[in-house]
Amino acid sequence: MSGSKFAYVKNYELPDPLLPGTFVVFRLDGHSFHRFSDEHNFSKPNDTRALKLMDHAAEALMKEYPDIVLGFGESDEYSFLLRKSTSLYQRRQAKIVSTLTSYFTSCYLFYWPTYFPNGLLKYPPSFDGRLVMYPGEKEIKDYFSWRQADTHINNLYNTAFWALVQQGGQTTTEAHATLRGTVSKQKHEILFSRFDINYNNVDARFRKGSVIVRVEIPELHEENEPPTKEGIDDSTTVQNPVKAGKTKKKKKSAPKTQLQVLHCDIISDSFWNEHPGILT
Amino acid sequence: MSGSKFAYVKNYELPDPLLPGTFVVFRLDGHSFHRFSDEHNFSKPNDTRALKLMDHAAEALMKEYPDIVLGFGESDEYSFLLRKSTSLYQRRQAKIVSTLTSYFTSCYLFYWPTYFPNGLLKYPPSFDGRLVMYPGEKEIKDYFSWRQADTHINNLYNTAFWALVQQGGQTTTEAHATLRGTVSKQKHEILFSRFDINYNNVDARFRKGSVIVRVEIPELHEENEPPTKEGIDDSTTVQNPVKAGKTKKKKKSAPKTQLQVLHCDIISDSFWNEHPGILT
Amino acid sequence: MSGSKFAYVKNYELPDPLLPGTFVVFRLDGHSFHRFSDEHNFSKPNDTRALKLMDHAAEALMKEYPDIVLGFGESDEYSFLLRKSTSLYQRRQAKIVSTLTSYFTSCYLFYWPTYFPNGLLKYPPSFDGRLVMYPGEKEIKDYFSWRQADTHINNLYNTAFWALVQQGGQTTTEAHATLRGTVSKQKHEILFSRFDINYNNVDARFRKGSVIVRVEIPELHEENEPPTKEGIDDSTTVQNPVKAGKTKKKKKSAPKTQLQVLHCDIISDSFWNEHPGILT
Amino acid sequence: MSGSKFAYVKNYELPDPLLPGTFVVFRLDGHSFHRFSDEHNFSKPNDTRALKLMDHAAEALMKEYPDIVLGFGESDEYSFLLRKSTSLYQRRQAKIVSTLTSYFTSCYLFYWPTYFPNGLLKYPPSFDGRLVMYPGEKEIKDYFSWRQADTHINNLYNTAFWALVQQGGQTTTEAHATLRGTVSKQKHEILFSRFDINYNNVDARFRKGSVIVRVEIPELHEENEPPTKEGIDDSTTVQNPVKAGKTKKKKKSAPKTQLQVLHCDIISDSFWNEHPGILT
């Protein structure tokens, strides 16, 4: 029962490499999360527990895959930027997209009880993933700007919509009708005049989404010297610390970094200027 | 903050359709499951709980995706056959491979406590997936024969190897040395003469892997008639029953099917002859 | 000035193999041949010289590439079937499509003076090419049927159209108006009643297009024996004859074949039954 | 005989777009030109007529396809740069590679008599083509540097080789042996000391290959004013002139350009600085 006479079927696996030297965006989206959020009683318009779970899964993914240099999440979707020189899985597309989606999914279930301690999962949720190649820095900035602009548009609508329903007593049909054709400014106005909500004071997590970056941990002093007070890094979330025993004198070690979740604007240039490591 | 000036980035998403009219195999493999099985104390050479969990996730996937007409699993891998006319996700490759891998992963974690009630997951496991197109029936039979021949070769080796280690007191290095260069017959001989193990009596699940097929449920009598004894379907695992309320008299409903997990030979023609629906 | 530091750019060439075990159709079309045929005074509705030149180029292509087992041409397009096991250029798509299109183009110019002895080429004509994979025999039959049905539809229309213009004195606008909305039978009627043309008597080359097949040359008798009268092959267009000196007694040589241009129906099964070698 | 029931076969044509926003290099190579050059008695090591014919075909291609902004040729190969925003044939790969290869081939035959007035083509030559995407300017410069470095290496070798054979009386085997293991400097030395050839004085066409660029034609004066002497463009090879009648006052017309064939260095930055339009 040797398998050799059947092994030719392996030749049908076609190569699917990403073009070298291009940035790669990996985006995943929740599959049927409208139903999933209903079944699990997510708060409307935003459920902080669910968003933090997404962020946690995203952080875990970035910890596992150091070639991811940026993450951006909103609602049930997350985008990740792979640095253009990445050779992850020899840049094979199906391998990358399936493994990253799988690991994120796994983390989502693994950390679920941390954020929903009293809410059992009723059925297994899933995500779809895709890879998109971008040749230059401009396209990358525009990609992430596109996602954050989307966050803004959706969240403003949803905030107004649910205010009309939850506080204004409208049916969902009525609320949609109220908002139909309104521009941004009018939605701000509705929120402020009817519900005393200043949209700009809404939690930045909801308005801006979540941005995950790697930041360098300031260099510690010589290891056998007692660190001065200023040198102490008291962060509790240090990621990927370089193991002391592995540090070699001759070889300059890569700077230690940790992941940081921000809820800041990424459309203006200042974000990119403050994080030059993302695109280089 | 309209997103319209950024929306051009969507044009970078390239189409990736599968060729129409071809069979598609979706195979997934555990990522670093050597370590995962060690950390979670899987029995050697086979852990029945882990194999049953794989089967359960595979069944759940086939229940969710009716276009999967066959599943075959061994160890930490599973192959699925999508019927050649499937239009799942418009046959988009990244969508299919990521979603199916994600859902399987999700089920693996979701059902983990069922099979490991006392064994907490230490970290999130993941899988990679791939899609392979095959133009004809011959290649499909040969593909699944290839996987089952692989099951046989691996399991015979592992059975002999762990017998040498666990019962024969050899180190793993010694056991590898003992088996080096042996052919199938010699491994049978080692098992029988030294450990009184008749390999052919080893659990078929280990020797043959798991085969999941859809089988038709015999038609029930008219719904408002009491079923005769013969008509009773007492299976507890009926899948995809046609809801009574949805049954229309004019439209012939698709036959009701249920999933069945077998541990049988799929290399000889008889399997394919007995399940003609798989390839047509 | 060593090139080694630049050679990395070669890595950007992505693999593009055809799926193994599938039939491959190569189709080429004349680029802007409406203008080309006007500039070179092609007869309307069909120019026999131009069609024969297309056939000649197609035959030359099939002579050069033995893996092409069938050709079908109409107007300024030609389709070729590559047998499913072909390993031409390791099945690389760009290599195949560019080389075959180039060689056909080259033959078109090379043999132009043979068919247009008094008509100089005014400018260089070109063709585009494409490759399409088909998994099974049914799709191949349907592909070639599709092209021949197209030939029929176009030629019937064009024959009626140019009869109205050339013999009926209509302007082209009037002729289009006359034919608008007519079905096949009505076009036959117009041709017959107004112009005494029985469409079924129109040259089969125009009605059916050109079909190029490889046919076996009957085996000759022992070389040192005088051939009997029946054994004489008096064809003047023997292609790819096996060189006598290369014939080995032990090894059965492939049957000698020659190309044959037909103008027959290929939609009915009888064509395929009479040429079983095409699909096997 | 409607074709509609067969038309589904068209669905098997898969999309093959180039990634947007990337530079595209189209390279073609002569197919079996070693034999072709022998059969047509090309001079060794370089045949100026054959090189000029290649240049002529390349110029014709660039005239026909304005999106080609640079050409580079050596021996029987030519590379062309398509500007990154090109939407030629909706960026469909097979369409582009087949059409461009076909048109170049057609021009090669069309202009053959111009360069070989007494040398009939013995058989139809052909070319293969390929497309390669590059995300950035650096890769484009390096690509063309790679080809010119190749030109240098090959031509120095061939010049020395044929000097040894034609003037030194060596057999080709002996000449290969003489050159085996020699570095660039040693080949210069052989040429100079034995054959009094200063390699740097060899025709730049052979040493540098052919570079085809588009250069702006200096603006003419107002059309209804008699041009001053300085304004007269007496070039005889003006390409793509803007037709006077189409010039609109409101719309600034694109600058008039003509093609120029150079034999200059393109590895150093100065070439790219002097032709800023190529990469922007």
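Observations on the model:
As written, the chain order gives the labels A, B, C and D, with residue 1 at the start of each chain.
Operating definition for what follows: contacts are C-beta pairs under 8 Å (C-beta built on N, C-alpha and C of every residue); 3 or more make two chains touch, one makes a residue touch a chain.
In UniProt terms, the chains line up like this: A, B, C, D = tRNA(His) guanylyltransferase.
Since this is a predicted model, take the numbers as computed values, not measurements.
Seen from the C-alpha centroid of chain C (tRNA(His) guanylyltransferase), the farthest chain centroid is that of A.
Interface note: chain C (tRNA(His) guanylyltransferase) and chain D (tRNA(His) guanylyltransferase), two copies of one sequence, contact each other through mostly matching residue numbers (shared numbers exceed half of all numbers used). Chain C (tRNA(His) guanylyltransferase) has its Cα centroid 55 Å from the Cα centroid of chain A (tRNA(His) guanylyltransferase).
With centres set at the average Cα position, the gap from chain C (tRNA(His) guanylyltransferase) to chain D (tRNA(His) guanylyltransferase) is 32 Å.
Look at where the CA atoms of chain B (tRNA(His) guanylyltransferase) average out and do the same for chain C (tRNA(His) guanylyltransferase): the two points lie 47 Å apart. Residues of chain A (tRNA(His) guanylyltransferase) in contact with at least two other chains: 12, 14, 19, 21, 133-134, 139.
Considering their complex, residues 1-3, 6-10, 12-14, 28, 31, 60, 93-95, 97-99, 101-110, 121, 123-134, 139, 142-143, 145-146, 149-150, 152-153, 184, 267 of chain B (tRNA(His) guanylyltransferase) touch chain A (tRNA(His) guanylyltransferase).
Residue ranges of chain D (tRNA(His) guanylyltransferase) in contact with chain B (tRNA(His) guanylyltransferase), taken from their complex: 11-12, 14-15, 17, 19-21.
On chain D (tRNA(His) guanylyltransferase), the positions that touch chain A (tRNA(His) guanylyltransferase) within their shared complex are 19, 21-22, 84, 133-136, 139.
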